[in-house]
Structures are given as C-alpha cells and as structure tokens.
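In what follows, chain A forms one complex with chain B and a second complex with chain C.
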Partner chain A sequence: MATHPDPIKQFAINKLLPLDINGVDLSFTNSSLFMVATVVLTSAYFLWSTGGRGMVPTRSQSVSEIVYEFVAGMLRDSAGSSGMKFFPFVFSLFMFILIINMFGMFPYFLTVTAHIIITIALAMAVFLTVLVVGFGRHGVGFLKLFVPSGVPMLIMPLVIAIEIISFIARPISHSVRLFANMLAGHITLKVFAGFIVSLSAMGTVGIVGSILPFAMTVGMTALEFLVAFLQAYVFTMLTCMYINDALHPGGH
Partner chain B sequence: MSNSHRQGPLDERLKSLDKKLKESDKGRTSSERKSDNVNFSNAIRLSTEFVVAILVGIGIGWTIDRFFGTAPWAMIIFLPLGFFAGVRNIMRASGLQSGSQSENTNENDDNSNRD
Partner chain C sequence: MFITSAYAAADTAAKLGEEAVKKKNVFPPFDPSTFTSQLLWLAITFGIFYFLMARVVLPRIGNILEVRRDRISQDLEEAQRLKEETDASIAAYEQELAEARKNAHTIAREASETAKLAADKERQKTEAKLANTLAQAEQTVRKVKDAALAQIDTIASDTTQAIISRLIGTKVTKAELAKAISKIAK
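On to the complex of A and B.
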C-alpha cells in the first residue's frame, strides 16, 4: 500500500530552528511558524484596515467592523456590559482560532489546533482567567457557583459534588471539542482523498469508481470550512459564558 | 355519498391546518430559521459535554483510590456522579434546565439572529 498516503502524517511536527536550553526543547517548529503567521496576519490586517478610521468605512474596514460587532455582540449578550473588559482576550481567542483553522484548510499546511497541547493551553488560559477573576472579585462568594438555588438540604452535598465535577470537566471538554473536531475532520478528508488515489490505480473501473470519493472529498472540504468557523464560534461563545460565571456566580 | 359527505369537513380542516401551519411558519422565519447556526454549534457541544464529565468522574475516583488505597470504592461513587454531571451538562447546554451557569443559551439565540 505504498500509494496509500498516511492520514496522520499531515500533523507531523518538524523542527525548523532547533533550540535546546538546559534540556528544555524550545525549537521553532512548523507549528510555531503557523501560530506566528496567524498572529502577524491578524494584527497586520486589523492595523491596516482600521488605519484609515473613515466615517464611511472602506471594504476592508467594514470587514473588521463586522468581526468586531460579531464578537462584541456575543460577549455583551452573554456576560453583560461588564464583560466587555474581557473583550481583547475574547477577540484575540476568536481571531486566533478562526485564522489558524482556516490556515489548516490549505493543502500541505499544518492544522495547529489538531494538536491537543495547543487547545489545552487555550482552554486553560480561559479556565485560569475565570478562576482568578472569580475569586478576585467575589472571594469565597465565587463558590456560590457550585450551590444552585432551590435545592433541598438533603441532597445538597450530592448536587455540589456534581457541580464541581462539571466545573472541572469544562476546560477538558472545551479543549477536546476543538481538538477532536479538527483532527477527525482532517483525517477523514485525507482518508477519502486517499481512496481516489488507490481506486484509480485499479484501472478503468477504478477511475470511474473514484468519482464517488472525489464527490465526497469536495463535500467534506466545504463541511470542514463550516466546522473551522463553527469551532472558533463555539469556543468563543463558551468562553463568554464562563466569563459570565466568573462575573456573576450564582446567577443574577 | 358518504365520501363527499366526509370530504366537506375534511377539506375545511385541511384548510385551517394549512393556515395554522403557515402562521407558525411565519413566526419561525424570523426567530428560528436563522438560528440554525446556533443549533449546529449546540450539536457540536453536546457530543463532548457528556463524555468528558464521565471521564472526569472516573479520573477523580481513580486518583482518590490511588492515594488513599480505597480500591474500588471512590471509583464506584464518582463514576455515577460523573454520569449525573454529564446529564446535567447536556440539559444545561440544550437549555432544558436553566442552571446557574447557563442562563444565556436563549440570549445567544437572539444574538445570532441579529448577525
């Protein structure tokens, strides 16, 4: 099966600039390259497009404004206007994940978010922000988050245990969702594309038959673009909701 | 005979049902159809929410067992707790239950309509 491409190979990490400091591997890898490219591209675009500051926005400026309004609306609806303090954080998260996912859609490009270490780092950043802000603002009162109102005292310990488990599950599900969707989508895409190659090696019948996986690959590619956007959207929306919990534990 | 007799009221019923359907559809177009985006993102959420809570329950049980040598007992207690947490997560994420942590599911719907 030499013609069969390895569907996992696309996620391989290559060291571009090997760097080793005291046994800690700090190499600049292709993963780092894509992250740097994402940050540079996003920052450059927003600096360039908002540079004119026109009352009547140009096309590029209105794209920036639409993205701003989209994320700001999401945050304001979830966490209220006091949540807007976290807008830079939430907006950076959204743009970073969105652009990195879109970079992953290019052939031969690495999908950085298909590595769980990246998504864990992003989710932990959100989780720690929620913890620090929650305890910083409310002190012990933040623990009210685990005590839902209107529960009989008898089953209260049980409910608190359940709430704590679901709180701990948050950063894990937050990161696994993004990682698993990107990984599974790209592997499926690669496997179906691989079918075309191995089928068309079987002669005329194979070439005719490979139309099916080809159609599938085209459809999957469109779906992957949708997933790439939706994952960024879901990640950001949940971040907004978690920030809301940090600001208003125990409901309003 | 009996056929035409039955068709009269049936026709009327059909018409009134049609009207009702159209009316409910009108309400849908503005408020629900555009929130497909939100529905899809909810679907993506639900798939992980449940499994991860169970895994966390297992993890907590396993860790306690390991450190206190209470072989299967902590796991036996925490596995169902994780399961309940998973069910609660799903109910919360789908907006069936307005827990303390999710009052925004509906507000988010409104948000996506606007954009």
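On to the complex of A and C.
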C-alpha cells in the first residue's frame, strides 16, 4: 500500500489551525488556505493592475480589462443589459472558481472545487439568487418559467412536470458538473502518474515502459488546464442563463 | 466518579480511534465532518472577494473603460468636426475659384469686345480718311484731265501749224486750221 500511490490522498482535508466551537468544526484547513490564497492573490492582482487607471492600459491592466469584458459580454449576451446588476456576483464566481481550479493544477496543492460541498454551496447561492430575484421581480409570474409557449394543451401537464423537475435538478447538475470534472481529472492524472512510479520500480523494462504513462500524464495535464478553465466558464455561463430565467421567465 | 471519568476518557479515546479509522476509509470529498469548516471558510473568503470586486475592483475597471470610451467618442467627434470644417473650407475655396474663373471670363470677354470696338472705329476712321483722299485725288485727276482736254485743240493746231510750215513752207492761219481740225474731229 505504501509503495502504491493513493490517488485519493490529494483530496484529504488537513486541519492547519484546529478550531472547534460548541462541537462544530470550524478549523482553518488546507482548503481554507487555498480559498484565502485565491482571494488574496486575485484581489491583489486586480487592485495592483488597475491602480494606475491608465487611459492607455499597461499589460497587466489589459488582462484585468479583458477578463472584465469577457465576463460582462457573457452576462450581457445571455441575460441582457438588465442582467448587469448581477455582474459583480457572476464575475466573482468566475474568478473564484477559475483561480481555485488553476491552483489545483499545482502538484501537492489541494483542488478546493473537487469537494462537493463547495460546489453545492456555490450552486445553491446561484439557485437561491434566481429564486429570490425571480419571485421578487415577477411574483407568481415567475411560474411562467415552467409553462413554455406553443405547447399543445394535451401534453402541457407533462411538459410542466418535466420543466419543474429540470428546474429543481439545476443546483445538482450545476454543482456536480464542476465537482466531478475536477475530481475525475485529478484522479485520472494521479493514477497515470502512479503507473510511472509502479512501472519504473520493475527494472529496466518497466522504466522503458513507463514512458507511455508519462506521455499520457503530460497530455492529461494540458487537458486538465483546459478543463480547469472550461469548467469555470461553463459554471459561469449556466449562472448567466439561470439569471436570465429569473429576469425574463416568459422568454424562452 | 473517578472511575467513570476514566472510563469516559477511554471511551473517548476509543471513539477518536474509531473516527480516525473511519476517516481513513471515507472518501475525502464526501466526508461530512469537514463540511462545516469548508462552508464557513467559503462564506468568509467568497464574501470578502465579492465585496472587494463589487465595491472596488469592478467599479474601477468599469470607470476606466467608460472614461476611455468617452474619450474615444469625444476624439471621434472632434475629428468629425475638423473634417466638416475642412470640407467647408474646401467648398468655399472651390466656390471662390469658380467665381474668379467666371470673373476672369467676363473681364476677358469685355476686354476683347472693347478692343474690337476700338479697332472697328479706328478702321472706319481710316477708311473714311482714305476714301476722302481718294475722292480728292480723283477730283484733281479729273480737273487736270479736263484742263488737258481743254488745251488739246490748241496743242493740235500749234503742232499742225508747225508741221505744215516745215513741210510746205506756208503759213496757215489759226482760223483755217481750227476749221480744218474741227472738220477732221467730226
């Protein structure tokens, strides 16, 4: 067991500063550390790069502006200009998830989003925002979301049932998509990397043979970088679409 | 009491051991014992991040972009204005040029007309003078001719008298000669 690398160990949560209040564990863990690191690093970058407020942007300021325009464009395209009220929320979500995912690409670093409780919490935040905004803005009219137009009355009950189920399933699919992608990718990466170690322990033939999983690991690492970005993008994109539903329930 | 607490301690230790064993077998992402801590720190970090983004970073970037957009549209307007000004001055120049060309044509035509008029007048004057001179000359010629014609009889009789006196040595009187000449001339 000791010679065989454990692909699950990378997700272990370790208490760095144990803290227990009335039997509730609130310890500062490695997960907390990476979240704090994400927030500090990202905020520091944005504050530093935009500090000059240059009419002609510097390179670092350009990066901040490009990210801003990217997320703003995403939100405006799917939710219209009335959706821009949620821009800070969407932007924070995108940057938070993206940088956490990228932190996860460092060897020995924990991938915080590979823990379902984190992704569920984020997805629920989106879901509750949609509910509050939807009912707050449209009242009962928000239920029009479940009644697509142009559907024959005969199959309407069935369609409504499907719509309601898919709406309730949203936070689940939303969170599991991110969680499972990050988890599976990192496990696969670790398993292939483990093959290198196991094979090379078998002598010359093994060392030669380990080239194969090594190449695989390199390729997977590149793919994981793509997945890390793509999942942050997909999560944000879906958030935009859900916000659009909250703002325009009849328009789909 | 002492015993109870000892038991309790042993019990706790056993429980802790059990928990440790259980923890080893639990898949970390599904380990509920870490959920509260993760949720708390997520709320804290994401809350701070959201606050910073919403209050400081995004308004700042938005402001930068807006100022730039305003500046660009302002510059474009200025460029448009300058272009219109240039177009206007080009049009004015063209118009002035066309006017000047028209004036030049007028002046040239007037000048040529004046010159032609002057030349005509001069020509008529000269022609009149010439005609006058010609008429005078003709009159003189006629006068001379008339005078000559008037004397021609006398010359003829004188010449005939001279010729006759030389040829036949006789003197012929003028009256006779005149009679003869007028007979011949008839």
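The rule is simple: the second predicted complex is superposed on the first by the 250 of 252 C-alpha atoms of A that agree within 3 Å, B and C clash if a C-alpha of one lies under 4 Å from a C-alpha of the other, contacts with A are read in each partner's own complex, and residues count from 1 in each chain.
Just so it is clear, a residue touches a chain if its C-beta (ideal position, glycine included) is under 8 Å from a C-beta of that chain, and two chains touch if they have at least 3 such contacts.
As the structure is a computational prediction, the values presented were derived from the model and not from experiment.
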| So, on chain A, is it clash or fit between chain B and chain C? | fit
| task | Examine A:148 and indicate which partner it touches, taking first as chain B and second as chain C; both and neither are also allowed. | result | first
| message | Output check: A:30 vs chain B and chain C. Expected answer is one of first, second, both, neither. What do you get? | response | neither
| request: Please state, to the nearest 10 degrees, the angle that the Cα centres of chain B and chain C subtend at the Cα centre of chain A after superposition. | output: 70
| request: For A:114, select first, second, both or neither according to whether it touches chain B, chain C, the two together, or no partner. | output: second
| For A:54, is the partner it touches chain B (first), chain C (second), both, or none of the two (neither)? | second
| message | With both complexes superposed on chain A, which partner does A:12 reach: first (chain B), second (chain C), both or neither? | response | second
| task | Determine, under the contact definition given at the top, whether A:161 touches first (chain B), second (chain C), both, or neither. | result | first
| message | Is A:43 touching anything from chain B or chain C once the two structures are fitted on A? First, second, both or neither. | response | second
| request: Check the superposed model and tell me the shortest C-alpha distance between chain B and chain C, rounded to whole Å. | output: 17
| request: Starting from the residues of chain A touching chain B, keep only those that also touch chain C in the other complex, and list them. | output: 69
| field | Complex contacts: residues of chain B adjacent to chain A | value | 37, 40-41, 44-45, 47-49, 52-53, 55-57, 60, 78, 81-82, 84-86, 88-89, 99-104, 107-108, 110-111, 114-115
| Which positions of chain C touch chain A when the two form their complex? | 27-31, 33-43, 45-46, 48-50, 52-54, 56-58, 60-65, 67-68, 71
| query | Inside the complex, what are the residues of chain A that reach chain C? | reply | 8, 11-13, 15, 19, 24-29, 31-32, 35-36, 38-39, 42-43, 46-47, 50, 53-55, 57, 61, 64-65, 68-69, 87-89, 91-92, 95-96, 114-118, 121-122, 179, 183
| query | In the complex of these two chains, what residues of chain A are touching chain B? | reply | 69-70, 73-74, 77-78, 144-145, 148-149, 158, 161-163, 165-166, 168-169, 172-173, 176-177, 180-181, 226-227, 230-231, 233-234, 237-238, 240-241, 244-245, 249-252
